[in-house]
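Chain nomenclature is as follows: A, B, C, D and E, assigned in order of appearance, with residue numbering initiated at 1 for each chain independently.
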């Protein structure tokens, strides 16, 4: 299959165009857009099969010149790092289409935008040209803004603009950093591969001006920081995380899933894709504070905040903050286990949190509120739903046999070698997680059934259809993690090897 | 300061220029402001003619001055036309009512 | 001190003082008329600089054209009876400070600047030369100026036309 | 060390119960509706019984080999392979795990059968057995796991099942809360466990032997003898971490608080999970890691002290309980304490031995109490019982036997195992520990007999209606009792003390437990100590007899000792729950609230604040602007032909002020240039 | 080459065609009464001039009319921009209610005269021509601003504009007189030569530049010479506002570049420009551009009238473009040219939608845009959203590419310009807030029951759709445009 990545990225765009051309028939539109996400899914599976796990570098590369005068190329390609994310994206966007079948308002617009969003995400993970990367990165913003803003909850406008401004703030800084890198490569180029190759050319001697002089920062550190802020907002790392709860609470279910499942990963993905291989020295210098310590803090802080939430969706949102902390912590470790664990955690968090948001959506569609205290004894009313939820919760809690366990253990194991104290903090997060999740289970599902909801219908087939694949993946990865780890290992080790000499 | 020194003319120009600016700044009245503008133009003209006499030695400066005078006339015409137009408007409408047009 | 110098001083004085009147006078009519003084003074200065043609133009256009226009406008828009509100000014003190600073800077700079020196100072009649220049080197600006005047005319007409198009 | 023998049947020991769990879990509801509870029972019990068969089979294979070769391994697939971390999904059978799987599948099987009777009325029958099978599978994974990580899988798995089973009747909030408590307390333990695991792994890795497989770890243990971390020997710290894990699972101080609440679950669960198997996981793990523990004397000392403390505290609490299951629960805690004493004094074999015997009699006791409760229509208060032996003889006899066993009267199983521990303590001059342990034995004898008397002797204190329906439990329930009772009688014989020819059990475990403490004291002393412990026990029985049989000696007399201080202390369980509630639970919740507030008002406040600031600045601009626009009309009027002082307010700041701005800017520019330029 | 009057005529036909059209319009206006006819004549004239201009690209650069004007690609580029803006303006005027009530004859005459003035601004090669052309543009602009009869706001705006214009140009020529005094000539080439070698007073030169900047600055609309623009933009007829916002800004930039780059500074082979040593010009521009973009954005933040908001955003964009001037290198200049083209497309587009909506609802207040997308005007709403996001500088729209080039020019210079880039970046985030506010009002807000549905005549789309498409196309494939601008950056320097 030639140019498979391009097809994966642009078939949804074509789908969006078709959807716009369709007559205003909701049913038709839904199925057409669903169909538009199927080919990418198959291609993703094909990639999964044909990906050479032994090779470290990029594969399925497509390279065309785009703007020769500025040396901007249309370069796509995947390595172990991105392919996991591509798989995740393809799967989630396929499932989320079905999760959005409930949408009634301006159906056409919704699905068109959703498909555009899909394309944008796919592109970000495939792009190997920094300019292209940035374009996709931004292209993703607009649909997201509208999806939250038009189809969201009561405070949707606030949430949407907050998300938009926050992310744009990050990305303009990113743009500056990209340009700075561009002018320091020789010949000037946006090709990430060349930038990586020239990683050691980027200056590291301390800049004379304030405040960099006091911080002992060189060019690399400044660029690193600029990029990092852009990515940290997406992760979202404390203190840039506050857009997340608002966005999640207001966004429609499917969008929340995409938001938590894919968009958050872009932050950590970006750091691994750019900061690590391109700015190794700075990475080595910054990792402890800005990835390690901050990650550990994220874990505990997110967990504590989650514990105090009254809104089920907000709770899940904060749990994402906490779980992304593991990714940061793992990245900071520079051990094979830590790094692989981090990326695996990205993948797992995608699936698990996806499930969680879908599940919250299910109950919300029935009860029309998300107040944790407002439920109780649901287990007796919707046993199947309860079972699935329990699965998701325990996976998120990191119970062995489920995917969350593998990644968390790997992350913590990997981190211990470098920062035992941070590991201890991170591991204590596990206890807190168990605390708030179990407490939630108890308040929502256990106890005497709530009379208000005795008649509540059990989870239906369509909803199960969106959940089961994720659940299956969660179990498979938990039992046989090599499915994913084999993809990652080679590439991540390579990335790691770039940084380690500078530690 | 003597008639055959460049700087004396320039200083006169400078003073007139400043007075013109002063007028523009302080006057509440459009016509007065336009007068101020005329002063500024004249000060510039003094410079041009002076320079063409003392510095360039050719008539470029004088030509410039003449063009400035022409355009001053044109500008005055347009300006006063606008003033009159507004005057007509305000004749018809009383100023109190204008309050309703606030942004 | 020669007569010419004295005359020069006189003219300079007229120019500056009447300009001052324009700036400070409480009555718009007065300032309008003292504008006449400035124009005349400037014309005189032109004579001193051996620019007879420019001086003539100054007198013709400024005094004969613009000033009349201004006075006309003043008359049209003012009931001459009420004198003290006709030409109010505000914030003179700050304006004085700023302008004072400016004029100081200007004069200082003028003093220290090494302006270009022409080889010799000519006092010939310039009219013919200027005529040639207009029709040869400065032909394009000349044409352009005519276009400007045309535009100004049309504009003035359009603006002061009262009735709305039917 | 020999390379272990590859086999491929061990996996089925785990998979069969797992299959049972899956089938019951996914299809149970339908099956139960279609084919009735019988089918469910069959589905549930068959796998465990077959697994027992396999366990027996593997035991025999081991028996066939000479001791050094006794390792069977079943390697499924490489699980995690990253850098030096290579973990296979593999199961290992060696003498130790052989014993464990026999106990788990054997006793587990019996309890399954028993439960088919006990749970018969419950509608969620299938769910119960799904959980129970899942538990068995997890427990087997725990004991069969070939590496710490696989062990940990089982470790967490059993935790999950215990959570599910404690909260089995989830409609009652109390049960759910008990479940949460168990899970979270265990999490604290696991926290320690994983840290210990990481520490060991990396320390070994530093020596170039990073691994989590037991045999590898054991092999290279000596290499890390003197590596230090934070000024502490790694071994000590790591073993302490692991022990924290053990205290969590095996309900030792300070983490024992969850076990008593766990009695909220159905009685078979208490018997299987909270007496026979899961709670002993800690002991198993320490025994499994014995090489490391024996390298860390400091840790061993801590363990011994914790063990004895737990034994006494739990026993003291048990004195005052009236709930028939609570008494057993605390006795379990205290017995686990004994096992840890054994470990603390280096008697791993003894500990495991006691583990096994205890499994028999404690399971029997629980099931007995279960059948009593069953008969009493779920009445658990002993004050409402009495004289039951008339109605339920089988239950009584088996119960009585087990009581004798736990009280440590020869020749019952408990005697040998407990005595072994005491003997080791003494023979290694841990006299203090020995002394308290013996006191604990006395207490045990006392409260067990107290329970026996209150339940089965005297006149029945139950209400009339209950008395009418009193009956012996059905066959499926009594049969397991009998079998277990037999075990309680004879299980001890495989571990005779040195004087009676020494313990085959210890020899059997020889290949695994290398660090076997030899007793270096005279036979005479051994006899003497036996006599002491037995007499102390019988004294306890005597007191109990006086109080609760003859009632010639009033309990209140003791209760009011020191103004009832002790009584209240014991009765309130030494206030552990209260303290924990205040410090940890409330503490965390408070922290969480603060965190959330901080997030909402400070962090988000900053964000919104900065936005607000920008808007404010622009608003100022806007004002200026607005104000001029408002002004315009009048101002223009005015600027055209200057009317009206009444508009002076709005005029100020008009075109002119703009021009001011411009000129000011220009002048400033120039001045700046002149001052700082060039 | 340095041509005499007659010889020059053969390179003069764009201007010639325009002038002819102007005179023709005056005459025709007396005879023909159909407004369409007049507009068509104007259009034809513009297209003719456009073709002629493009044809000249191949011509050899040089001086015309005794060094009165310069013929080079740079000037041609700005002529093309001016003409395009004019054409778009005429097109918009065709379907504008405001224009219906004015005298088209004079309207189009003056509009074209203004364009002609811009032609001369772009190609002026000495101080006199600079002043004349500037005044020509200004005078016509005043009139066109005050063109709406019996409309107070329009007349007020005209007066304001006139007063600023008068003062600014007066100040400018005063400054110019000093340059004349220092160089002894009005001709740029001579000036550069003179300032190049002779010893001059830096302070005096600086003051002269500042005075001149007042004149240019008020055309380019940057702080502190910007105050007229909001009122004028709001008061003037919308099509003309659109024209003004792009063309006059462009012409101002043209004349400024012409004066400050080939005029007084020296071009180096490296593509950088060496400004007169000792005159801190780049710093001043850097400072001004920072202030300009910030003030523009902040003021725009809470405007409730779209034309006014666009006026302020125009100020901000002027600030962005000045970054290109401040860096004193050809990348900066070509970035500016690129940005101008893009800005032309998207800003005119935005004004076009505003005019459409105003034709229906009668005003430009943001309230009237409430739920526009759900009121039958989905297409204009989407297009406006595209233009606004493009103005913000989001990919995949052209505005992003423009900003991208400006940033890259600035960052290439490095050093203190990094701060400038940062300020600009932050500014574009701020700008998103008010652009998105409009988008929010159109899409996120639901229409009130009393809001009537907005039906837009399909013929409006003939202009709207192409502009939108261009905005997206240039956002994704811009190398032709890059090529065009870089080849337009050819100065004729002696």
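Keep in mind that, in the parts below, a contact is a pair of C-beta atoms (placed from the backbone, for glycine too) under 8 Å apart; a residue touches a chain by one contact, two chains touch by 3 or more.
In this text, all values refer to a predicted model and were calculated from it rather than measured experimentally.
The minimum number of touch steps separating chain C from chain D is 1. Of all the chains, the one whose CA centre sits at the greatest distance from that of chain E is D.
Farthest from chain A, judged by the mean position of CA atoms in each chain, is C.
Of all chains shown, the one whose average CA position lies nearest the global CA mean is A.
Chains B-C form the pair with the most C-beta pairs in contact.
Here the spacing of chain A and chain E, counted between their Cα centres, is 43 Å.
Here the CA centre of chain C is 31 Å from the CA centre of chain E. Taking each chain's centre as the average of its CA atoms, chain B and chain E sit 26 Å apart.
Averaged Cα coordinates give chain B a centre that lies 7 Å from the centre of chain C.
Contact with two or more other chains is made by residues 10, 17, 20-21, 24-30, 33-34, 36, 50-51, 55-57, 63, 67, 71, 74-75, 78, 82-83, 85-87, 98, 101, 103 of chain B. Of all residues in chain A, those that touch two or more other chains are 165. Residue positions of chain E touching 2 or more other chains, listed in rising order: 128, 132, 135, 139, 142-143, 146, 150, 152, 156, 158-159, 163, 167, 171, 178, 181, 184, 203, 207, 433. Residues 389, 392, 394-396, 400, 404, 407-408, 411-412, 414, 418, 421-422, 425-426, 428-429, 432-433, 436, 440, 443-445, 477-479, 482-483, 486 of chain E touch chain A in their complex. Taken in their complex, chain D has these residues touching chain E: 611, 614-615, 617-619, 621-622, 625, 629, 632-633, 636, 639-640, 655, 658-659, 661-662, 665-666, 669-670, 673-674, 677-678. Residue ranges of chain C in contact with chain B, taken from their complex: 4-5, 8, 12, 15-16, 19-20, 22-23, 28, 31-32, 35, 38-39, 42, 45-46, 48-51, 53-54, 57-58, 61-62, 65-66, 69-70, 72-74, 76-77, 86-92, 95-96, 98-99, 102-103, 106-107, 110-111, 115-122, 126, 129-130, 133-134, 138, 141, 145, 148-149, 151-153, 155-157, 159-160, 162.
Within the complex formed with chain E, the chain B residues making contact are 10, 13, 17, 20-21, 24, 30, 33-34, 36-37, 40-41, 43-44, 47-48, 50-51, 55-57, 60-61, 63-64, 67-68, 71, 74-75, 78-79, 82-83, 85-86, 89, 93, 98, 101, 103. Those residues of chain E whose C-beta lies close enough to touch chain D in the complex are 152, 156, 159-160, 163-164, 167, 171, 202-203, 206-207, 210-211, 214, 224-225, 227-228, 230-231, 278-280, 284, 295, 297-303, 430, 433.
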